[in-house]
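Think of it as A, B, C and D in the order they're written, each chain with its own count starting at 1.
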Amino acid sequence: MPEIVLSEFAGLSLPDWIDALIRIVFIVALMTVNALALIYLERKILARFQQRVGPTRTGPFGMLQSAADALKLLTKEDVRPTSADRWVFELAPYFAFVPVFLVFIPIPWTETWIVRDLELGFLYVFGVLGLNLVGVVMAGWGSDNKYALLGAVRAAAQAISYELPMLLVSVGVILIVAARLTVDGGSAFGAVNLNVIALEQTTTPFILLQPLGFAIFMIGALAELHRPPFDMPIAESEVVGGYFVEYSGIRWSFFFLAEYTALLLLVVIGSTVFLGGWNFPFGEDVGLGLQVLLTIAKTSAVIFILFWSRAVLPRLRIDQLMAFSWKVLLPFSIVQVLANAIILAYGGGEWIIGITSLALLLLLIGLVYGRARTLSRGAGRSLNKQPARPRLITAHDPAGGD
Amino acid sequence: MTQAQVTVEPVVVEEEFDTVDMNINMGPQHPSTHGVFRMVLTVDGEQVKDVTSYIGYMHRGGEKLTENLDYRGALGYQDRTDYLAAFNNEWVYCNAIERLAGIEAPERAEYVRLILAELNRILSHFMFMGAFGTDVGFFGTAFTWAFKERERIQDFFEAVSGDRLMYNYFRVGGLAWEPYPTFVEDARWLLRQVEAGIADIDELMTNNEIMISRCRDVGRMSAEDAISYGVTGPLLRAAGVPLDLRVDEPYSIYDRFDWEVPTGLRGDVYDRYLVRLEEMRQSVRIVAQALDQMPASGPIMAEGLPKVLKPPPGEIYMRQENPRGEYGIYMVSDGSDKPWRMKVRSPSFHNLSSLRHQVRGSYIADAVIILGSVDIVLCEVDR
Amino acid sequence: MSATEIVFYCIAFFMIASGLGVVLARNIVHSALALILALGAVAGVYVILTVEFLALTQLVVYGAAVIMLVLFALMLTRARERPQALFGKNRPIAFVIAAGLLTAFIAGIVASEWATTNPDDIEPLPFQEIGDVLFSAWAVPFEVISVVLVIAMAGAILLSQPDQGEQ
Amino acid sequence: MTSGTEPQAKAPPKSKRAEKAERIKEPPPPGGIADIYRAALPASIPVEAEQTKWDVALTVPAPQLREALRVSREHPTLQMDLLRNQTAVDWTDQGLEVVYHLYSTALRHAVTIKAWVPSENPSLPTVSDLWRMADWAERECREMFGIEFEGHPDPRNLLLDEDFDLPVLRKSHPLAPIEVKQGVDVEYFAKEHPRETPPVRKDDAEGDDERAQRIAAAKKQAAAAAGAPAETKPAQELTPEELAEKKAAQVERVKKARALAAAARAAKAGGGAPAAAKTETPAAPIEAKPAAPPPAPATPAPPEKKAATDLSPEELAQKKAAQAERVKRARELAAKARAEKAKRGG
């Protein structure tokens, strides 16, 4: 695996750990800038949906708005409620913030631009994202506030129940990659490596082979990020800000930073695994700049869809949310994995996998749409309207002429 | 959780792991209580076991103050009870005194009053659409779309009465001053904009699957319960009872227009939303017809009104159909220049009393939506 | 003292510290959080033994799911107000038993002879073999465990259903 | 809340009842709701109908009010299932008029049913079991007018504070300048006008002697309770010779008390039983104190008083003991007085 060793790049032979240090600094800088940019973009795009203009005062077209917010948050006093559980309250932001940055490591921005090309990149992502949940629950419990506790419990329930379908669906993809790797007797060891997955998609992105996989992965990512329509844990109208209601100042911005960083990273992984990442249309031998542009283009397209869903979709109730995951997404992902395994075991062509997955996806959409239709049958026009004429009633007719 | 509400009984193993009931306090400062209203939910996990509501934060003793003002003095107070439907309240108060004193408002004034009152109903329902959308989860989209139309109506009201919210434009016997010259043309232009706004809101919210699954069969209230709680207005009509005072107990000139009274089928949150949406369209129809039939010129104030109004001793319970329900003024006069007793029957007060019946057994997220669908205005609840 | 040894000693110290934290923490939730750290440290040891697959599954299974359910149980029920067992009256007996167990462990560790390969040259075990072995040699226990898990899940659902009386 | 004999703000030309009687000019139209009611209600309930500006108002005697409401809800020809409004009107001297506005959603007719209740602790049976709307309406009516609704499930205050039990909407509760000045809080107002004396005040000067009257009345009560001799008149009204005679009695009592004290000292010095002396002395001062009117003339100086320095040591000790004893007794008296005032004040 070609891997940039900064020590050579900079022409001076640096020991390993300095090299690692430089990469860490690079990650932190890039992520904070990205978070600020995403916050600004979201506010602008949401504004367009809501027929308003969004921030315009600070800087050209309001671009420095999120920088100004960050400055305000830095100078704001971060308060801790006296009855809060001191250490749990103070450590929570770090537990929520650090795992999200760790996810950055295995992501292949281009063929060679990877912080560390981990063999088990994809599994590593899920392993580390789970820890983010610990931070959330610590925040909810630590701030000794009923709203925070409720928000944390909702966040934990939601994250657990949506991580499962995501995992299973990514197993489906890994099966395909592993089959390709072992076709000429090689070991399927690299199947879980994100870069290998990207390499496999020179001709057909996996979204064509696994459309259901992409859909479930994105729904799971939405739930993982607590974004509408799954933003129960931080629903303003019920739990007033969820688990970070007692935080202010820099601690509060950690949670916000973690959320937007996780947004970018999950979407990048999604686009790498399903949309071909840096590889799809132009293949490997094209310049690094173009490959980075490709990844960023695909990511921003998916992010735009996420912002769009925030403006238009209301919030699901907690029990509907759980039912949707356990009763709909999980069975579908299990069936998906089984179908892949059976087809690959009996040596069927990959196009069969694509068709079965497409069929499953259409079935899922049909199911959801059908349920909504039954719910809303007669919803649109469920009113009956009487003409506004005083109705004739005979004095002693108990039923009253209607 | 430092202090648990439940005292620790002697150790009983299996009961130990029941989830303990938590008392969640919503209000008086809470984003979704639409004003200063406190609701304590006894919650087991997400299920709401019981609700206790605390009101009275906005009580200003209006009825007591009115007993010391002369009949015309308390008009300003009526704007401040239900500030989202100020024209309707003023109209009820003026009608009450006019019937008590036997005064008749001229034809043209009655038309202008009706037009402004119906536009005020549309204004109030737009406010409901915005607030309800935010409760359900439309992050601000429904709110800004609804307020775009509201702003237009408020500009029109400001042109007519000089103020955006507390109009104080009606007088006993007619209007304060002549409506501005292009009143009718502007009103027609406004109707077209409002119609487009209603279509936008309808398209955004009505057939949204998540909205339907969130609101259908939530907070259902049967017709008998609604009537027993004294619930009136869109809530009662959503429960299937076609009681609309403009039809059943006609007042003013409503019998000259043809329109329809929408009633829902199941009395749940979704039907209330649909009834209010339909009512906005019906109000547009009424205003359009009123603008056509309105006499082009004529007096706007009854003649021969005494300087100090002393209605003969007697009493009247004047009630009209406000956006939230039946708004009544029970006025008792003892022949002096001050009302002996003035009681305001506010619809939100009684609609709110049925909240506990609707919310028990639902989820926390439902409690917020049900409170939003009841559409209360706290100033009117506490008077 | 190669780099891996230093890292190992740090992780070992961290693991013991959080283990003690689990036992000695006054607040029961603190001990649950300390448990997460301890299991994280175990994952760290797996990484040193270059078996990343085990480390990541350890993190995913324990770090995110199991302890989370324990925290649920603690936060939502009345278990927190139970009198602290730390100061129970049968403390000396517990102390004796614990000491006995400790000596047994130490004896076991000293008695058995350990493979003395250097941690650096452990060749990474490709997890493909894990997969093959799991479904060939160990297929039967794998199935039995999954059946047990299903029964446990069904039991949990039944237990948590409020019995008809309460409904 | 006793209506008390407070002077009317402005004496009405004739009583409200008479004015109201002359108002009933038009009886309701024949065949209307009044006749349906007369047919539906049992004969035992007399119904007095009156046509207001919109609805027909039926006045029913208070004891049969609940029966009339129950019938109007269940009777097939009435079916009044919507209780629109429930309130009360305070006609000062004639008592309170409780008003129920009813409407039938099925038959689309409306009626107002009224009942008269006395002003002093009025009470009515609750109708919250017939209409659940009455639950909140009666709670508000109770806190605003002081009408007790028996059988009401949850008679707490609704709009006002929990412990605020001053019926605000009664005419007897004037819209005093205090209440108009928003800033002053209700606590001060309630303290200023304790419940038992209706708080009608013309201006501050006149208020003081009213307070003096109240204190004298309270003293009279205390004296009557303690069984003291014939009541004493305040100092101003005493004639000069009565004043002299009272002063003489005062001096004589003081001399007796001193003699007793000396005897007690002698007995104690001789190891005699001090208890007998002690119990006897306290009775005298109590009896003496109330008799002396507060603005009493200067008390006569004690006959002999030696300078402290030339007292022998044990006399000094005795004086100190007596002095300590007096202080203790004074403190007891003060505590008792405070307790009594608090009870009366509460």
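Simple rule for what comes next: contacts are C-beta pairs under 8 Å (C-beta built on N, C-alpha and C of every residue); 3 or more make two chains touch, one makes a residue touch a chain.
Computed from a predicted structure; not experimentally measured.
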Inset, instruction - Going by C-alpha centroids, which chain is farthest from chain D? Tell me that one. - result: C
Inset, instruction - Per the contact rule at the top, check every chain pair and give me the one with the most C-beta pairs in contact. - result: A-B
Legend entry - Chain occupying the most central position, where position means C-alpha average: B
Inset, instruction - Please work out the Cα centroid separation of chain B and chain D, and write it as a whole number of Å. - result: 41
Inset, instruction - Please compute the C-alpha centroid of chain A, do the same for chain D, then give the distance between them in whole Å. - result: 70
Legend entry - Chain centre separation in whole Å, for chain D relative to chain C (CA means): 73
Inset, instruction - Can you tell me which residues of chain B touch two or more of the remaining chains? - result: 1, 248
Inset, instruction - Would you give the residues of chain A that are in contact with at least 2 other chains, written as numbers and ranges? - result: 149, 390
Inset, instruction - Find every residue in chain D that makes contact with two or more other chains and list them. - result: 108
Inset, instruction - Name, in rising order, each residue of chain A that touches chain B in their complex. - result: 46, 49-52, 83, 144, 146-147, 149-150, 228-229, 231-232, 235-240, 310-320, 368-369, 371-372, 375-376, 378-380, 382-390
Legend entry - Footprint of chain B on chain D - complex, ascending: 16, 19-20, 23, 52-55, 57, 81-85, 87, 89-90, 99, 101, 105, 108, 110, 112, 131-133, 135-137, 157-160, 168-169, 175, 179
Inset, instruction - Provide the residue numbers of chain B that touch chain A in the complex, in ascending order. - result: 1-2, 22-25, 30-32, 46, 133-141, 143-145, 148, 204, 206-214, 216, 242, 244, 246-248, 250, 254-255, 257-266, 270-271, 274-275, 278, 363-366, 368
Inset, instruction - Over in the complex, which chain A residues touch chain C? Could you list them? - result: 85, 87-88, 118-120, 123-124, 126-131, 133-134, 137-138, 141, 149, 152-153, 156-157, 159-160, 163, 167, 187-189
Legend entry - Complex interface listing, chain C residues touching chain A: 27, 29-30, 33, 36, 40, 52-53, 55-57, 59-60, 63-65, 67-68, 71-72, 75-76, 126-128
